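Shared between the two complexes below is subunit A, which has subunit B as its partner in the first and subunit C in the second.
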Partner chain A sequence: MSDKDTASINRNRAVDVALLVYIVLGYAFVFAPIAASFVFSFNSDRFPSIPLGHFSLEWYQAVAGDPLVWQGLRNTLFVGVTVGVIATALGFGAAYTDYRYRFFGKQVYLALALIPPTIPVVILGLAMLAYLSRISLSGNALSVIIAHVVICAPFAMAIIRLRLSQMDPDLEAAAWNLGASEWAAMRHVIVPFAKPAIFGALFITMAVSFDEFAIAWFVSGLNETLPVKVLGFLQGQVSPRINAIGTFVFVTSMTLVILAQILLTGRGAKDRPASDE
Partner chain B sequence: MNKNALVSFEGVVKRFGEFVAVQRMDFEIGKGEFLAIMGSSGCGKTTTLRMLAGLEAPSEGVIRLSGKPINDLPTWSRDTPMVWQSLALFPFLNVIENVEFALKMRGVGKAERRRRAEQWLDRMQISEFAGRNISQLSGGQRQRVALARSLVVEPEILLLDEPLSALDAALKVRMQSVLKNLQRETGITFVYVTHSQSEAFSMADRVVIMSRGKIEQIGTPQEIYRTPRTRFVANFLGSSNIFTGNVVETGDGRATLETPMGAFGLVSSEQSTRALMGRTATLTVLDTKTNLSRTMPTGRVNAVPVRMIGEEFIGATATIYLETGDGHEIRVQKSHEELASLPLQIGQELVAYWNEEDGHLVPEE
Partner chain C sequence: MRRPLSLYGLTFSLPLLVWQVLFFVFPLVFLVALSFWTVKNFRMQPDFDGVNWATMYGRAVFWQAYGTTFALAAAASVLVSVLAFPCSYAISFKLSDTARSWAVFLMVIPFFTSYLVRVYSWQIFLSDAGIVNVMLGWVGLGPYTLLNTVGATMIGYLTLTFPLVVLLQLFSLVFIDRTLIEAAHNLRCGRLRTVFAVIIPSARVGLVIAALFAFILSFGDFVSPIYLGGGDPTTLSILITDTTKSGQQWPRAAVIALTMIGTLLAVAFAAVRFAYKGRTK
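This part shows the complex of A and B:
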């Protein structure tokens, strides 16, 4: 608290303003294309151009009237939710193993567990296609789920591992000491403690799966997810419907990420301990 | 085995790889006793406590609780709740839920466990915080929650691992009396691990002093204070002057300790003196039993010329630091009245002396 006070005393207004401008420009650069897509999705004109036409929901109506889009959305949601649950469960298991046990080759185990997101997605997608088709699993929703779990589980593990590393190492032993079996301690202590991170991981992995295009394009076959469908539209024709779908996908992903962010950071800051009188 | 023993350690050894944390340990803890295990960090005191709690398995030997061996009993099946140095309160549960935890794990019904938890909150005078988060409590309040959480199952024994180390000095003293009263009222056996001599000596019925995985001495605080049984204990307590030399029999059937400072007379009737005849030994003399004078005293006393090098006031008493001719430090602790007649100045030549029967001979290790 005293840190904050000193910080506010020694501040230079010009530097403050400059930093603020810098941040605004930075965000503008990142979000301008998305904002443009958002604006044009409500524009009546066929082609994205300035000046804008009038406000219109026609592209949303067109999208909503397309059964293929609904099919894509259903696939995306089904895959996203399933991937989120499985990847979070696997990530939790891996993170807990890291927290609880020391064993020979642990560094190798951790490196292997965290590698998938570092592999270029095109290579991963191709490899997945080759492998899954060999075992007759390619071209359906299950294959997308498998492939997405592979890239999502490490994210879940990293998030949950960070939370477990903040846990007082005596906490679990204290639960045993008070009569909790290992399973009971897991259920009543480890999981409740990691709960914000577990939900955070769930939302993040859902968002990753929701947005992921390359691997889904390789392995989805006829069960296209929404991002794959968007590419399909782009190849056929340039239509503002893409803006409508893009806006929808963006809003959904951002909602998930923001929810995760609130869960992962918003806790505990407001409680201040009492002092001994 | 003693009938009143609640816990017994029989030849217990604990190794971590090559490192021996606890060396062959044999001792008993009586029912309703307040036992403190004291030593500096790394002496094996916490390992001993954790073995009793079932958090570490002994490498050798047997630990019995109420006569039954508990080596293979998992920690959750023992009734040996522990108060942790970090307190280890569950941050995602509020105060009363923390206290209810052990009852919940034992399958006690909701209404019953709430009732029993409330009783303990009341007893620890923290009822008003029942619905609070742990993070909103002060150090002293957390301490009380941790105690209530462990005691709610009404165990026969409570283990405490340096529970007061995080508190400030004033609160520490207040919590010491809370703990002592709690132990007296409930009759629960307390095993209290600490590195603090004042905590151990003010609360415990008996104290175990450990060093490098070994028990150095077990006894009441008074016994240990008056007659440290090893040189380590005398040194650790820091309340005795220590002299090392050879035990030699003199012609008239008496014994002396030959030291570089001169020969000190010993009470030769004592068993320890006879056992150590002809060997190197350590003589300990409490600093409160060591006296100062301007001239060589007469009678059956041991005296050594010293020079004053410093003084320190602690409330009603003062500690005078002195040095012998060969640089050996001697301390004298006396009330201000007793010291009033002496010319106390740095560099002053004096004589330190003590009665023969105030010296205790221990083997040199």
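This part shows the complex of A and C:
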């Protein structure tokens, strides 16, 4: 209460320090489960708790020796890469459409391009399962790919749209005036400019697909992806193996997200004026 | 802008449209049709019968789950908004530009990392012999039953929503006109009063949208209520997974799902109305 407001802006050391501590606590809360999974994956105890046992790789060995885990990993990677490529391509098309065209019903088009991730995954999972099994597409990797593209394409669309909005709209028109066809302008002006966002979107959509378990669980049938395997493990008993798989999952998606962010913020902001094509 | 119909334009516009109509709109529409189908001898058959709606809406269990889910999601969205606000406030007003971009960078990561594994990890903290109870034991407290409680479910919801809510709040706070805050200060407006009279009203749209997303995410989540809350009390999402995975009662699950969508639409509509209330632009 006895705050000594000294200079221009409200500054109070105690409040500032308290707020900084609060930030640290917030991040601690967010990263605690990730850190715990990492630490306990190398811990020898069967029931993870403190004090720690000794360093051990046995859970990794147990996981590596499980053919079902490898099967799940293969499925996940196959699905993730395919979804990333398709979703990024669709998202790019939608972002370019929004950037360049105005047409009747555009609001509806944009709604379809952006809303799917906000629908709860249980509902989408059920709807997908019912619909895809009706048209005989459920219970395989293809059904997971179909469903994941639906929720991943909007992320790609948003990321690429953001990048296009940084582009001078006259640039494309200038290319046309200089005699480039629409296709040539796309190839030599738009795509090079959007390239960091395209790769960013690719990595983000792969990460989203890689971590998505609920819809995959509904529609995958026997071709389970790795996160669905984890869900299966969870229904069993507590096992440090999940920490080993979890650490692998965390490292993979963190790598993808970090790469994407470096592409989107680092380079994206800097090479703005120079369109060197 | 010029000619809307060209092969060139359609090449880029159509794929997404076709995909989302085929695999997003159609499944949801089919869900509506499915809710009127009937199940005989463990086989679903096309029908137009309101029996599933009547059955589900006539069950006390359903309404109990509905109330629970709604209350939990509402509580989670208020709680996470309140807990996230000091964090996003501090990040946007107390950090340097460099530190702020690092903060955003770090907060984006958990949003895209496996929620499922993070929930599992909380079990390590909350189980009877888990980290929290061991630490409480050092100061002579506990052990308490933390897992399979509503509080644990809440922690799961926070894990799910906290990063997103901080980011959304942050984006609305960063764009507040700093001169407004200086003006308030020059007029001898105290720190807390500035927050409540200037900052929160200016950032209202972002804060409400953030809370709305927290509500939507918690309302549909089935992982926290099962693996941290122990499945009790039952939520609508648990009812859906149970009804779907154990048997052929998909039409009834469809009724639950459609009720959830209706609720979410109503809440979203109300939230957006409230967010833009009294705004001219």
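Structure notes:
In this text, the second predicted complex is superposed on the first by the 247 of 277 C-alpha atoms of A that agree within 3 Å, B and C clash if a C-alpha of one lies under 4 Å from a C-alpha of the other, contacts with A are read in each partner's own complex, and residues count from 1 in each chain.
Just so we're on the same page, contacts are C-beta pairs under 8 Å (C-beta built on N, C-alpha and C of every residue); 3 or more make two chains touch, one makes a residue touch a chain.
No experiment lies behind these values; they were computed from the predicted model shown.
Residue contacts after overlaying the shared chain place A:V208 against subunit C, while subunit B stays out of touching range. Once the two complexes are laid over each other on the shared chain, residue contacts for A:V230 go to subunit C alone; subunit B is not touched. Contacts of A:N177 after superposition on the shared chain: subunit B is touched, whereas subunit C is not.
In the superposition on chain A, contact is made by A:H188 with subunit B only, not with subunit C.
When subunit B and subunit C are set side by side, the one touching more residues of subunit A is C.
When the two complexes are overlaid on their common chain A, residue A:A216 makes contact with neither subunit B nor subunit C. Of the two partner chains, neither subunit B nor subunit C is touched by A:V83.
Looking at the shared chain after the overlay, A:D168 reaches subunit B, while subunit C stays out of its contact range. Remark: subunit C residues 1, 4, 6, 8-9, 11-17, 19-21, 23-28, 30-31, 34, 83-84, 86-87, 89-91, 94-95, 101, 103, 105-110, 112-125, 127, 129-131, 134-135, 158-159, 162-163, 166, 182, 185, 191, 194, 213, 216-217, 219-223, 227, 237, 240-241, 244, 250, 253-254, 257, 260-261, 264 touch subunit A in the complex.
If you check the complex, the residues on subunit A that touch subunit C are 3, 8-10, 12, 15-16, 19-20, 22-23, 26-27, 29-34, 36-37, 40, 47-51, 89-94, 96-97, 100-103, 109, 112-113, 116, 118-132, 134, 146-147, 149-150, 153, 157, 182-183, 204, 207-208, 211, 213-214, 218, 227, 230-231, 234, 238, 242-243, 245-246, 249-250, 253-254, 256-258, 261, 265.
Residue ranges of subunit B in contact with subunit A, taken from their complex: 53-55, 74-77, 80-82, 84-86, 88, 90-93, 101-102, 104-106, 133, 135-141, 149-150, 153, 167-168, 171. Listing the residues of subunit A that touch subunit B in their complex gives 168, 170-171, 173-181, 184, 188-189, 192-193, 195, 268, 271-277.
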